[in-house]
Amino acid sequence: MRDLLQHLWTHYHYVIYIALMLIGLYAVLAKGNLVKKVIGLNLLQTAVFLFYLSIGHKTGGTVPVLWEGKPDAIPYENPLPHVLMLTAIVVGVSITAVALALIVRIKAAYGTVEEGEILALDEADGQGGS
Amino acid sequence: MEVLILAVLVGLAIAAVRVRDLLTATAILGAYSLMMALLWCTMNALDVGFTEAAVGAGISTVLMLAAIGRIGRREGGPSRMPLLRLPLLSMRQRVERAEELEEGQGRAGAWGAVLVCALVGGLLLYGTADMPRVGRQDSPANRKDDPATPANEASISQRYLDESPHDVGPNNVVTSVLGDYRGYDTMGETCVIFTAALCVLMLLRQAMPRTGGRRRRDGDA
Amino acid sequence: MTQHLPVLVIVVPLLTALIVPLVERVRRGSAWYLVTGALLFSTYAAIQMLVQVSSGPIEGSIRYALGAWSAPMGIEYVVDRVNGIVLTMVAVVGLISAVWMRPSLKMEIREQARGSYYTVFLLCCVGFMGMTITGDIFNLYVFLEIASITSYVLIAMGKRRQALYAGYSYLIVGSIGATFILLGIGHLYMRTGVLSMADIVALFEANPELFEKSDVRVAFAFFTVGLAMKMALFPLHGWQPSAYTQAPSAASLFIAATSTKVSAYVFYRISFSVFGIQFLESALPVIRDGLLVMAAAAIVLGPLLAIRQNNLKRLLAYSSVGQIGYIMLGVVLLNMDGVTGGLIHFWNHAAAKGALFCVAGALVYRTGSARIADLAGMGRTAPWTATVLTISGCSMIGVPLTAGFLSKWYLGAGALAADRWMIVPVLLASSIFTAIYVWRLLSLVWFAPKEAVPAVTKEVPWAMRGPALVLAAGCLVFGLSSISVSIARDAARALGLGS
Amino acid sequence: MMLAMTLLEIAPAVSVGVCLLGVFGIVLARRSPNVREAVSLITAGVNFVLVLWMYCQFQDGKEIGSTLVEIVPGLSLGFRVDALGILFGLIASSLWIVNTLYSIGYMRAHDEHKQTRFFSCFAIAIAACMGAAFSSSLFSLFAFYELLTICTYPLVIHAETETAKAGAKRYVTYLLGASTLFLLPALFLIWYAGGDNPTMAFAEGGLLASSTASHGLLGLAFVLSVIGLAKCGMMPFHSWLPAAMVAPTPVSALLHAVAVVKMGVFGVSRIVLHVFGIDLLEDIGIHQFLVWGACFTIVTASLVALVQDNLKRRLAYSTISQLSYVLLGLGMLVPAAGMAGVLHIGVHAFSKITLFFAAGAIYVALHKTKVSELDGIGRRMPITMTAFTIGALSMIGLPPAAGVVSKWFLVQGAADGAWYGVLAVLVVSALLNAAYFLPIVWRAFFKPTPPGEDDGYKEAPLLCVVALSITAAATIALFFLPDIFADLARAAVGGGS
């Protein structure tokens, strides 16, 4: 038990990212409002970004911009996760944009953005079932 | 400092999920993104922090606000049909769903979600068991060289740091990698933006009267 | 030029996609020519490369360092015997769909959106080809997102409002899946420090003790779950039936024939070329058994659920759930015959399911909906389409001399070789269930009562009939010749399975 | 020389091709019935000549056939002519001519619909028979076996009434179900038993003769394959056959007396003789299953036939029972009995087709389908009923009809192998056969026509009468000259060709 707690403490970055991720995942799964799901998706994605950056983090490091005369004791941060996450952030916002556009269309077509009501309407159309 | 920001982040995330007014939730999400950007800056990921601030806190929020402007800010009840429902239930689900709707409750969906989250969380926590502590310089991803793994004398990150000045040029290694070593990822990323823009346009033009489409497009640019 | 094919196969359609909206603005209706032309080139390039690797040594591959930065520093495209199969499949199906969709889209998409639709479709092809050809796990994610975003929208553009919700549901599930894959990539990167598949697997082979690390196992678990969502592996297939049903026919055709299979291919690639056979054999019997159960359940329940449907597209969607089970079964069996069966099924299922969705599309084209009852009497009014349905239906069942038979045969042999006897009755049961629903369709088509007035009044245009016939012919050619088997066997050997 | 060599290689494929070409011609000529029927007849004639030519070449000891394609190592499609195959080929191709004559008369007299579909499916069915007869491997045989099931479905459902649909559904469910659930796994096991060098090519003495697989697995494969070959009509997988009687009579005559059911027993012969081999079966001891299954079927089917009033149904049950003679002969693993079994394939074909032709002729001429309505019919349709009598005698096993020949060898074989139980069954079954056939003959010739019914001479259309006379004559001829078939049967069983 002590070991476990100590482990959690020493890996608190990871614990936090997991917590954030689960909050997002919960919102995506349990919330009925379509926008709320997108918010959840955003949380989920940013949590993963945090995870990547934690991987590359070096305590006492510095920004990976090369400069002359840097003392050897100060390492540069790992630049690769930064690069990857720059890409991922843009991908994430693209998905958000598409999701929101879909939601706007759904609102126009159904008059609601609540999952339950949409399904009920589908049922009424005879298009329900999985 | 980090611990403080992390705690705030969790608080904001919970708030964003719990609050029932979508406008407020969006605002909280924006704040969350800003905090995240701040955190990354303290972790020396300046480029990422700036991008998150601009894209996550900025563009995302604008998009959300634009969308909420069209669809209203009230959130209804919980999900009545979790997306990951077991398909076997689908045979009976017609009846059940009807009943559920009548009773106006969807607790089953919420509990299902909790269960899934617990499984995922458990798996992730198990994954941390052998992870190196955050911030170590000798973790596999960060190491300079690792005698245990002769296949790679140094991680590629270290090679980027060492070789980019004469390979590529710019002092900012992130720029070098982004623009040159892994330029094709960036091209893919551009392609994603293009795709998303095209998709959004196509979706919105299909439905809206022309004027609406015009206004919306401006919001997206 | 030839040495640049690996990059051109992606970049040519990609650049075409960028200019299509502009050209379309200048000259309405030109989009189709550009898109088809680009796909024609990709098809040529893919086949060219497949021939090239097939004539080389078993382990051989074409490597192309993008921007001249070879892995691990840069990103590499790799074409070998395995993804040569899948790349060719995607390109050919893409080309066929492009030809097919022209008349179909005229019915289903408004004119001003059509140019954009072609572009998005082309980008979707690019995404899938990129996922297939890349040798870098993060680049894989980027292409996966391109393919995903375009798929969501291709589906959501269906005529009815249900299409929007179907697209949205797929977006949610797909994004969760993609995020899981991203997590898997992160875990792998943390453990290995590299992103190139070849380097990761080399590291694992040199250090088998890494397999004991919890994060490596978790990485595999997240890849599995994420890809299972994308490929609609039972029981994570919930998004699929609605998506296929509501999408415009052209999108159903292309996405059903390629999308889930590309995800399945990625699973092959991750399993064999990133984690390596050693990992699969030793580390995680639980995951293997679990996957075996999932695959078996998919194989049986997919066709079983399909029987009850009264919408043709929905029926085909459920049948796809079962077919993905076959492909997954190949990995789980982890021996020569099983993997061969799984690999042949990439082609076989693409041909059969593509042809069936052509039929569904033809039905929609003529009647406006995909109700199965409307098939009645089609044999008289649209004999070509009915023939396509017959051949591809037989291939789905696995009738001997059609392509589907070979997949099942090899999977069965693989099951016996792996001492999984129980799989043989599972395969049989699935054939029986498939036979039931196919027979139901065929008896409607060919043996409808004389007095019934067929809802399909006449054949669809040749632009739709031709591609359908090509796909149906594919079912027969793959079933009758040993070409596909020998290519797949060599591919399985290239993955490192003994003969 | 080269040409002759090539021709020998492709002759069986050509035979299949000719039939399929015939289909093409039939469809093309759909607007003009006369041309269409002429095409049918010509195709049948050409095919028969081709088979005869192959027979002569075969008798000269030439190797005929080749492998066309090997899909999977061990799964090949190919042709090779041997004694068993040419026997089946001769029967099917010769009877097709006769049956075409008969069909033309029957279908025209009846003014049936969709005759083009009828004739083309018929030609495909014969193509499948030719392919199966000359298949060089179990896999080829299986493919043609399935093709036959599928292409006969439109023939069974021909009338498109509710009864026809129900019958056709049962037909196809049983046959396809059995072949998928049992035959296919059996094939798979046989292939798997081949180890590293799997093969399915038929071989004298059995392709599995040197297999190292366990006896349990091989026995399972054997039982599965016999059950899977449901066309052989062994009980309890027989009920598709009476159900298929909803088809027009020419279909019942050629397909359900000759082609389809013979394909079943032909398949079992292949399994026994050329897949497992007599020695291996003896070792495993699984042949008991075949023998007693056949005995059970012989007796039970005869008992059921006894109470059938519908003439075609009675004939159908008689077929079920007679087919089991073939299985019985093969199962006893005694050369004489095996030869009797194979010979019975031919003998039964000629006799049973005569009976069905007669039944159809009665239906066309007088619209009677029930045994109880046949009083005095012998005087109105003397030729038909004489032919019927000859067929019936052959079924019972009385001279001067061919049936007695095969039954004689069967009895001899049972005595050789000391199968005394089988002997008893043979005796009982002969009595039962007499009990359900002779009353028909008696009614026809010796009972007065019921009052109020026309009793003038009224034969079926000329073509029908000609056809049934030919087959009846052949049935008698086979009694006096059984050598052609008997030699082939002996060669098929005894090894050496």
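So that you can tell them apart, the chains are marked A, B, C and D in the order they are listed, and the count of residues begins at 1 in each.
The definition used in the following text is that a contact is a pair of C-beta atoms (placed from the backbone, for glycine too) under 8 Å apart; a residue touches a chain by one contact, two chains touch by 3 or more.
All of these numbers come straight from a predicted model, not from anything done at the bench.
Colleague: Name the most central chain, where centre means the mean of Cα atoms.
Modeller: Minimum centroid-to-centroid distance belongs to C.
Colleague: Would you say A-B or C-D is joined by more C-beta pairs in contact?
Modeller: A-B
Colleague: Rounded to a whole Å, what is the gap between the Cα centroids of chain A and chain D?
Modeller: 70
Colleague: Could you please state the distance in Å, as a whole number, between where the Cα atoms of chain C are centred and where those of chain D are centred?
Modeller: Spacing between the chain centres: roughly 45 Å.
Colleague: Can you work out the whole-Å distance between the CA centroids of chain A and chain B?
Modeller: 3
Colleague: With chain centres taken as the means of their Cα atoms, state the distance from chain B to chain D in Å.
Modeller: Between these chains, centre-to-centre, one finds 70 Å.
Colleague: Do you know which chain D residues sit against two or more other chains?
Modeller: none
Colleague: Please output the residue numbers of chain C that touch at least 2 other chains, ranges allowed.
Modeller: Residues 138, 142, 145, 149, 152-153, 156, 172, 183, 189-190, 195, 238 of chain C touch two or more partner chains.
Colleague: Give the residues of chain B touching no fewer than two other chains, as numbers and ranges.
Modeller: Answer for chain B, listing residues that touch two or more other chains: 83-85, 87, 124, 128-129, 131, 139, 141-142, 155-157, 160, 182, 185, 188-189, 192, 195-196, 199, 203, 206.
Colleague: Please give all chain pairs that are in touch with each other.
Modeller: A-B, A-C, B-C, C-D
Colleague: Please give the residue numbers of chain C that touch chain A in the complex, ascending.
Modeller: 138, 141-142, 145, 149, 152-153, 156, 160-162, 164-165, 167-168, 171-172, 175-176, 179, 182-183, 186, 189-190, 195, 238, 241-242
Colleague: List the residues on chain C that touch chain D in their complex, please.
Modeller: 399-401, 406, 409-410, 412-413, 416, 424, 428, 431-432, 435, 439, 446-447, 449-450, 479-482, 485
Colleague: State the interface residues of chain A toward chain C in the complex, per the touch definition above.
Modeller: 25, 28, 34, 37, 41, 44-45, 48, 51-52, 55, 80-81, 84, 87-88, 91, 94-95, 98-99, 102-103, 105-106, 109-110, 118, 122, 125, 127, 130
Colleague: Would you pull the chain B residues touching chain C in the complex into a rising list?
Modeller: Result: residues 83-88, 123-124, 126-132, 139-143, 148-152, 155-157, 159-160, 163, 180-185, 187-189, 191-192, 194-196, 198-199, 201-203, 205-206 of chain B touch chain C.
Colleague: Across the complex, what residues on chain A touch chain B?
Modeller: 7, 10-16, 18-33, 35-36, 38-40, 42-43, 46, 49-50, 53-67, 75-87, 89-98, 100-105, 107-109, 112-117, 119-120, 123, 128-130
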